[in-house]
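Below are two complexes that have chain A in common, paired first with chain B and then with chain C.
After this line comes the complex of A and B, so read on.
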C-alpha cells in the first residue's frame, strides 16, 4: 500500500517537499491555512541575489504540485492531532480526518511586527514603511509617499526586531541586510534622482553573491552606508522624518531629515506554528522557532518520531536554503518510511 | 637654516601591551553586561549630552576596554547619569552603571591600581 505524508504549510518549503515526495511515489496532502499556496513568496517582487521575478519560483513550485497529483487542502488548519501505534490521525478545522504515516511541518515564519519598535514610529508617522510594504510598492510599479508625491531621500534601517534584546530576539534574521541592499538598488532604479541611506550595525553579506550585490549598490547605484543604530525617528512640521543616529565611524552624532523610512523587519517564529507546536507536542528553542534534535546533522528531525521539519519554521532562511532544507527533509522521511527509524 | 616645521609627536597608536586595562576588568566583574556591547552607537545617538559635547558613551566603552584611561578620565564627568541610553541598548548593557562604576574606580584609583 502506498504511504501517505501530510505536510503542514504550503509555502516554498511545503510545496517543494510535497512535489519531491510525490515524485518518489508517495501520496501527499498539503494543509495550507490561506486560500493560496506560496506563503511569503507571494509578496516579493524580485528576488536576491540575481533579481529574478518571484513569480518564476512560484511557477516552478506550482508545476511541482500540479504535475504530481498532490492533494491540496487550502483554507485549512489542523485542530486535533493524535498518534496510534502505526499512524498519525489528524482532524482539520473543517472536520475532515486524515491518516498519515509521517508528518512534515513547514509552517514558515512571521514578519516581526514593526509597531513594537515604537521609537521608529511605524503605524504612527506617515511614510514609515516596512520592507514588505516596499515590495508591494515595487509590485504596483510606484513608490510614493502618503500624499502621492515621490520621495527624494529614503532611509533604510537594518535589524528592526532582530539582534535586539528589547524585543526578546537575540538572533540575526540573516537576510535583511541583503534585502536592504537589493531594495536600495531597486529604489534607485525606480527613482534615479533619489538618495538612499542604509543605517546598519554590521553588513552581513554571508550568502552566495551577496557581497557582489553590496559592491554593485555602492559602485553603480551610489547607495550610502552609515554605520550606527538609529535610536529614534520623529516627524517634523513639514512632514519629514528626522532620525537620530551616531555615525560610529566618524564618532559623532548625526541627524538627518528623510522623506521615507523603510524598516528591515526581521523574521520570527510564526504564531500559527506556535499553535501547531502546542497541538502536536513539538519542542521550540530559545529563539521560539521549532527546535531540531541536532543542529548539525539532524536539522530536519523533531522530538517526535515520524514528524520532520522543513524550511524557515526552524530558523531564518533564504529561498535556496529553504529548498535545500526541504529536499533534505524528503530524504529523512523516505528513510523513515522504509525502515521506521527516527 | 630652513625650518620644515617637523616636531616629534607622541605616537597615535593604542599601545595595547603597556596600557593598563584594570579599569575594564573591574567593570567586567561588577557589571558583566559591559562585555556585550557591540559598538552600535544607539546609546550615544539618544544621549542629550552627546549632541552638545564631544561625549560618546559608545566611545567611552571602547576606550575603557583598550585602557586609554586619560581620555576616559577627561570625558567621564560629561555624562549626566540620566539613564536614557539604557532604554535603547539592543544588547541590554546596563550603560549608566558603567559610568557609575568607572567613577567609583577612579575615586579609589590607588586601591584598583588604575
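After this line comes the complex of A and C, so read on.
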C-alpha cells in the first residue's frame, strides 16, 4: 500500500515537497489556508538576484503539482491533530479527515506588521509603504503617490522589524537588504529622474550574486546608501515626509525630506504556524520560528517523529534556499517512511 | 521571692535594647537636616504627635492596612503586635496592683507568675488571670499562623514570603519560642500550685497530673528569659528592628518630613521600618508575570540594611509604584530606590557584628562619577509667543497617531498654541533622572525651562505622562502643566470642542506615571465617559498594572518585558472591549505589540469623535475661551 504524506502549507516549500514526493510515488495532500497556492510568491514582481519574473517560479511549482496528481485542499485549515502509534489523524475545518504516515510543516513566514513601528508612520502618513506595496506597484507598472503624482525622492528603510530589540526580533531577516537593492534599481528603472536613498545598519550581501547587484545599484543606478537607522518620520504641511536619521559614517544627525518612504518589513514566524505549533505540540525557538532538533545536520527534523519542516517556517530563507530545504525534507521523509527512522 | 538568676538574660537584653534604641535615635536626630530638626521639634509639641499616637495604635498595633488587604495576614500581625502590647500593658498593671510593691522592675511583670505562683485563685484576681490567659491565647493563635505561613505562605493568602538571612532566622526562632515557653512555664507553675485560669490553669493541671510540675517549670522560665534576651539583642541586626523604628517613622512622617532625593535619616528610618511582610512581592508584576523574585522592595530594604551590593536589585525595577501603594507601613519605596540609583557602585564594607549594629550610614552612598556628556551643542531656542504650548515629547513623536490627534484637537478648539517640539525638541530629562544622572538631566531641564519661559505661555500641555511628571515635579515653572487628558477635559467643560458619542466599548489602562505617579485618575476616565462606553476593569486607579514598557528598568530581558505586557493586556481585554485606551505613548506602543484589540490613546479616540467646526475669525466666544484658559 502506498504511503500518504500531508503537507501543511502550499507556498514555495510546500509545493516543492509535494511535487518531489509525488514523483517518488508517494501519495500527497497539501493543505493551504488561502484560495490560491503560491503563498508570498504571488505578491512579488521580479526576484533577485537575476530579476526573473516571479511567475516563472510559480509556473514551475504549478507544473509540479498538476503533473503529479497531488490532492490539493485549498481554503482549508487544521482543527484537530491526533497521533496513533503508526500514523497521524488530521481533521480539517471542513470536517474532512485525513490519515497520514508523515507530516511536513511548510507554513512559511508572515511579514512583520510595519504598523508596529509606529514611528515610521505606516498606516498613519500617506506615502509610507512597505516593500510588498511597492512590489504591487511594480506589477501595476506605476509608482505614484496617493495624490497620483510621481515621487522624486524616495527613501528605503532597512531592518524594519529585524535586528530590533524593541519589537523583540533579534534575528536578521536576511533578504531585506537585497530586496532593498533590487527595488532601488527597479525604482530607478521606472523613474529615471528620481533619487533613491537606502538607510541601512549593515549591508548583508551574503547570497550568490548579491554583492554584484549591490555594486550595480551604486555604480550604474546611483542609489545612495546611508549607514544609519531612521529614528522617526513625520509629515510636513506640503505632505512630504521628514525623516530623522544619524549618518553614522559622517557622524552627524541628518534630516531629510522625502516624497515616499518604503519600509523593508522583516520576516516573522507565521501566526498560523504558531497555532499549528500549539495544536501539534511542536517546539519553537527564541525567535519564535519552529525549532529544528539539529541546526547542523537535521534542520528538517522536529521534536516529533514523523513530522518534518520545510522552508522558511524554521528561519528566514530566500527562494533557492527554500527549494533546497524542501528537497532535503523529501529525503528525510522517504528515509522515515522506508525505515521508520527520522 | 524577689530575685532569681534566670531573669538575667532577659534583663541584659532589655537594658541593651533600651540603650541601643536611645543611642540610635540620638544619631538619627543628629543626622537630620536643620529644617527637618525644626519640623520634628514643632511636631513634638503639636498635632503631629497626637496623630502619630493614633496612627501607631492603628497601624503598628492593630495593623489596619494589612487587615484591609489580607484578613488572615493582618490577624497574624495584629495578634502578635497588639497581643504582646496588651500582655505587657496588663502585665505591668497586674504586677503593680497585685505585687508586693508599686513601681516594679520590668522583670516583675514579665515573670509575674513565677514570683507570685499562688496568685489568682479567687474574685478579681481570677478574672484578671482569665484576661491574661485570653491575651496569651490570642498571641499564640497568631503565632500558629506565622509558623504555618513560613512553610505554606498560601495559608495566609500570600503567594510568596520573604527569604531570611541567618540572624533573622535566629531572631525568628527566639521570637517563636517566647510565647510557647511562657505558656509552658506558667502552666507548670500553675499546675504545681493549683492556680491559673482557663489556659495555664487547665493545661497546668493536666501536665501536673503525670509530670513533676514544680521541677519542670524552672527550666521553662529560663528558656522564656533566654528567648526574650536573645530576641532583644538580635533585634537591631534583624528585620525586627522595624518594631521600634516604625514608631519613629510614623512620627517623622506626621511631622512633614519627606524622603527627598538624598539619603539621610528619614530614608534610613524607612529602610529599617520594613518588616519584610512580603506584600510588595505579591504586588510586583516582575514577580507574578516575569518570575523575577529577588529584586522586590522588601529585598532592597534588606540589602540596604545589610550593606549588601544592591546594584543588581536597584536597576531591575519598572518603577511602576505598585509596591508604594500597597506597602502597609507607607514606606516611600520608589524614592528610596531612586536614591540608590543615584549612588555609584555601593561600597562593600567588610562587615562585622559591630558594623551590623551601627552600620555605615546611607549618607555614605558614593556619588556617581560625573559623565563627560555635555549639551553645549544645543542651539539657543527662540520660540514663538503663544498662550498654550504643546510639548509632544519624544515618545509621542514615535507614535505619530497621538501627535496628529492632538493637533486636530488643538486646531478645533481655536486656542492660540505653539507646538514647541514639532521639529524635534530636547528631552524632558526624566530618562536620565531614572538612570540616576541628575546633573545631566538638570542641563536639559534648564534648556527647556528657558524655552518655555521665553514663549510667554501660561499653559504647557504634554502628551506624555513621563514628561508630565518631570515638568510638574522637577521644573520650576510658573506655567500650568497639563497632561493632554486634563487639557481635553477642560476644553470639553468650556464647550470649546464638541464631540459625537462613539458607540464603542472602551477599557482604560491608567499609566503608571500619570496615575500612581502624578495622581491623575479622574480626567482620563471622565473624558472617556464623555465620548464612549467606558467599562470597568479589575485594575483601576492605584491598582492599575504596568504595561511593561517602562523606561526605568535597564536589566530586564525583552522576553520578560513582553510577558508582562501580554499578561497585563490579557487581563485588560478580558471582556473583549473594542478599544484598549491609555494615555501614554509608551503604554500604547507596548500594548499594541501584544494584543489584537485596538490600542489607542485617549486623544485618538477624542479626535475620532470630534465634530470639526468651521474656523471662526474674530469670534467673541473664541476670544473668551482663550481668556478663560488664561485664568485656569
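We adopt the following convention: the second predicted complex is superposed on the first by the 342 of 342 C-alpha atoms of A that agree within 3 Å, B and C clash if a C-alpha of one lies under 4 Å from a C-alpha of the other, contacts with A are read in each partner's own complex, and residues count from 1 in each chain.
Following the convention adopted for this analysis, a residue touches a chain if its C-beta (ideal position, glycine included) is under 8 Å from a C-beta of that chain, and two chains touch if they have at least 3 such contacts.
Predicted, not measured: the structure shown is a model, and the values here were computed from it.
J.: Could you look at A:99 and tell me whether it touches chain B, chain C, both or neither (first, second, both, neither)?
T.: Once the two structures are laid over each other on A, A:99 reaches no partner at all.
J.: Does the superposition put A:116 against chain B (first), chain C (second), both, or neither?
T.: So A:116 only meets chain C here.
J.: Could you look at A:125 and tell me whether it touches chain B, chain C, both or neither (first, second, both, neither)?
T.: In the superposition, A:125 touches chain C alone.
J.: Touching A:244 in the superposition: chain B (first), chain C (second), both, neither?
T.: both
J.: Quick one: chain B or chain C, who's touching more of chain A?
T.: The partner that reaches more residues of chain A in the superposed model: B.
J.: Could you say whether A:36 touches chain B, chain C, both of them, or neither, answering first, second, both or neither?
T.: After superposing on A, A:36 lies clear of both chain B and chain C.
J.: For A:75, using the defined touch cut-off, is the partner it touches chain B, chain C, both, or neither? Pick first, second, both or neither.
T.: A:75 sits against neither chain B nor chain C.
J.: With both complexes overlaid on chain A, does A:165 touch chain B (first), chain C (second), both or neither?
T.: In the superposition, A:165 contacts both chain B and chain C.
J.: For A:67, select first, second, both or neither according to whether it touches chain B, chain C, the two together, or no partner.
T.: neither
J.: One more residue to check, A:232. First (chain B), second (chain C), both or neither?
T.: The answer is both, since A:232 touches chain B and chain C.
J.: Do any residues of chain A touch both chain B and chain C, and if so, which are they?
T.: Common interface on chain A, chain B vs chain C: 119, 165-166, 231-232, 244.
J.: In their complex, what parts of chain A are in touch with chain C?
T.: Those residues of chain A that touch chain C are 116, 118-119, 121, 124-125, 165-168, 231-235, 244, 286.
J.: In their complex, what parts of chain B are in touch with chain A?
T.: Within the complex, chain B contacts chain A at residues 38-47, 50-51, 56, 58-59, 88-92.
J.: Considering the complex alone, what residue numbers of chain C touch chain A?
T.: 397-401, 403-404, 424, 558-559, 562, 589, 592-593
J.: With touch defined as at the start, can you tell me which chain A residues reach chain B in the complex?
T.: Per the stated touch rule, the residues are 119, 159, 163-166, 201-202, 227-232, 244-248, 251-253.
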